[in-house]
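Shared between the two complexes below is chain A, which has chain B as its partner in the first and chain C in the second.
Up next is the complex of A and B:
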């Protein structure tokens, strides 16, 4: 009885303080440290880059920094970055999807699924400097796979124009953390495909391929595309792996920004700001598409 | 049925090869420092280098500070917002996604420009530089720390528990320490291990702020000078990631493991 009264009272008090307007200022104390942190270390740096991008060395307003982005070498850097991100997102996305398919709809033993999830968790976090070392030992000039291919198949990768330190090499290296990430994000979507749907399709006389074309793929498509966009962004912002693999001798946008920070070549802070703002814009567009696709996929699948 | 599981195995084997071959090649390479025989010489060389221990110690310290700061920052905030300002949840979720939009290289660029000059002058002192490094890592860790804590808090009835604690006379601090933190043990520990796994070998932010004091830039330096040692370092670093991720798996058995996107790419 007494308990009941107490809880009623507190409920009443809390109901009042939880009402959206008006805010007593005390309600805001608890979130102040977090918002100060966010302001100092996320917003302030971004705003500085953004405003810096519109100013010249003397501090006057200008658009010339963005004109600088039209320089052929910068356009090339954006282009190479986009190509590598796209190739590694599609390559990693397809491989990751097929593996996730194998352990969900493919009905492989649960032990295989658990192992795959654990390995994916590790591999998606294995990036940067050590990953570059691993691929040098694998596909570098004297790497194990390079030597094996030469000795067994008589195929000299490097005579065929392959180089670990260029487009394909970097794409293959990025795929190492891309496909496990795809496995991790797409598995729940594949789990969401209901057996009833394929049974219903079968009852209506549809074969496996018709079911996939007309039911499963349209339902999964937003998830698949969304996940691949996530992978794209993941590769687009990558710096450590590319830098330690190529020693900075590949024209990626992150590498160009890196050399602007160091101020070692063609130092032009305004251009550096514009490059960074360009990256943020691309990444923000990717995330916007990702979220709209996610909303679409949530119509059918609970993620 | 048979056919379907045949193809499933094909994809699994293909992916496993992709996963294992680079590791096997690296391990194989790391054993070949002595001509003609397999030996662990390159590992020995790594372990007798005092810089290895110094840099890994430094990076571990930074990682521990990162974990402490991000937990102290995120847990009370998420709790407070669930309790009193539920209308801010959307904003909080949006903020926690911002690190995906700002790549590490852009973040460190902006941070250097803001904090190296007036009025902060953070990079003029060691302490300031380390604090900046920790702040950068807290930002990188924010998405998954937020997600882990948020799902952890969603699993308990925050409002009722708080009311119960308040009716027993507990204040905000007591509630956090004796009620919220214990209930979030799994979430806190798994985000701590994920932070360790990504921060210890992180290269981008570390190389611009502290250079070869940190483990990531140290590994990179070894890679430029010593062929075999770089392979053994890659294996050692992989073991690191592996053990931390394994601990997360143990903690969150059955549940989907949280994963990092804004890590040390």
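Up next is the complex of A and C:
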């Protein structure tokens, strides 16, 4: 009798749980603008780029745009862009890591940490014409710092071979927004390093350097590499800063795309689209690596 | 012969004193627990032995060697942390072998020792797994194996069971004691859990506000607490105000009734004397030669093996623990009862 009752109750409960659950529309309302944005400004342009890359100026299907990517000047543009992106990612990455280290494990006062984080939040988004102007005003031929160094220390940067409008000048300018981005991304990973790991290593006889080599750096490596890839992608896609600063003097892939699409002498939108597809592939590969490394790191830090 | 000695140890953080004039001698192979509430200085003391905190004053010696100012990585003292502190990027085998690798032991020897340690904690099958693939209890066993792999002179355990659930805690507690006795390793165990301290230790150090309240065997700590703090902190205790105390005869008035306690003519009576009785010393009903008090049951709390009664005797409230036996009829709230206790089971505070 009792068994029957239990079985009836169980069946009732099963029937209730088997009832189809209505789709939770209300939960999704908040993200609808995001999906609209993604569709309008990421998916649609990507489709336009992709289809445009396979058409010539007359609208006919062609592979000539991709053949055009093998042109030495274009290969050189990709190469220069990759070099600048790498240099600014490594430079900004190392500098950002050291600064994040100082305010987390280095235990600098909280006020310093708060100031650095606020600055990083602003500076990581400070790019384009204002950044180029700021650097011209400080490190240009007649910039404030250039003149001060010349007048006070007698050091003429430009006589020493430095130029703001060169590869290293542009790298330095990029680093202004690269290192803050590194600070923002890596600080949480450094916060995730448990003090007990360092103490456990010491307790087992290891010095600080061995702890960093065997424990801390391997734990942080996915985050560091992931952050560096993010910085690489950040520099790889930069256009306005480079264009404002060098006016196309440095052969970056983004500037080449701009000149192919905006069109004066070099007008060939098909080639521009193919160049952009190449960039999307590089960026997508970078993001895929970033997410996979990040996931690995988070799995460790979950403990 | 004392193996580990802490002499006049003190530690201050700014204006706050964490540990004050701490003196303890531990014999080789002895298991000593530091027991006390949060903030009493037990973990700070342990960290000073490990070398993670430098004492403000005092000396620490191990086997006659002064290690007070030695860096942690030169002390050869093993430590097990509350949060396990296993290296998440290394496998279980690599975690256990870490300290041996630091000591530049040959690889075959590291492998042999690692396997020995895994056998000791019964986790041989998990050598190639990562810490996140193990349960909390398993991780803590690995942490213990890692600390023991380096053959430390002293083993330190900082609340190693507090992050685990009750059943695992009891199992692992027995495991820790078995391993400690097998290896005959001098052990300092920090806990705020009195049951853990009493069941594991050869001696217990009860601490409060940075200083030692009492050092003794678990039975001494429980049965003969030397201070009011120890009496209250370790186990449950009824402390009932009394009047008309006669130390020579060993009598006083409790809740309007005369009761007897063991005479202690040399004891100094406080301004507000109280009689201390453990709840398990109180029985229901009268008995020959026992103090008996008439009261009314306020509540009955069933705790499994024990049933806890709250009994009103005049204005005093007694807590009485009875063993739960299948055939006994338990009183109910509101029942009139007689509670009794022998004079040897109570003492004056």
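The definition used in the following text is that the second predicted complex is superposed on the first by the 252 of 303 C-alpha atoms of A that agree within 3 Å, B and C clash if a C-alpha of one lies under 4 Å from a C-alpha of the other, contacts with A are read in each partner's own complex, and residues count from 1 in each chain.
FYI, a residue touches a chain if its C-beta (ideal position, glycine included) is under 8 Å from a C-beta of that chain, and two chains touch if they have at least 3 such contacts.
This one's a predicted model, so the numbers in the text were calculated from it and none came from an experiment.
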item: Greater chain A contact set [chain C / chain B]; value: B
item: First (chain B), second (chain C), both or neither touched by A:214; value: second
item: Chain B versus chain C as contact partner of A:155, first or second or both or neither; value: neither
item: Chain B versus chain C as contact partner of A:75, first or second or both or neither; value: neither
item: Which of chain B and chain C A:206 touches, first, second, both or neither; value: second
item: Which of chain B and chain C A:194 touches, first, second, both or neither; value: second
item: Doubly contacted chain A residues - partners chain C and chain B; value: none
item: Residues of chain B that touch chain A when the two form their complex; value: 4-5, 7-9, 11-12, 14-16, 18-19, 21-26, 28-30, 73-74, 76-77, 79-81, 83-88, 95, 97-114, 135-136, 138-139, 159, 163, 166-167, 172, 194, 197-198, 201-204, 208, 216, 219-220, 223-224, 230-231, 233-234, 237-238, 241-242, 245-246, 248-249, 256-257, 259-261, 263-265
item: Footprint of chain B on chain A - complex, ascending; value: 6-7, 10-11, 14, 17-18, 20, 27-28, 30-31, 33-34, 37-38, 40-42, 44-46, 48-49, 52, 95-96, 98-99, 101-103, 106-108, 112, 116-119, 121-138, 143-145, 175-177, 179-181, 184-185, 187-188, 230, 233-241, 243-244, 247, 254, 257-258, 260-262, 272, 276, 279-280, 283-284, 287
item: Chain A - residues contacting chain C, complex; value: 194, 196-197, 199-207, 210, 214-215, 218-219, 299-303
item: Interface residues, chain C side, partner chain A - complex; value: 50-52, 71-74, 76-79, 81, 83, 85-90, 98-99, 102-103, 131-132, 146-147, 150
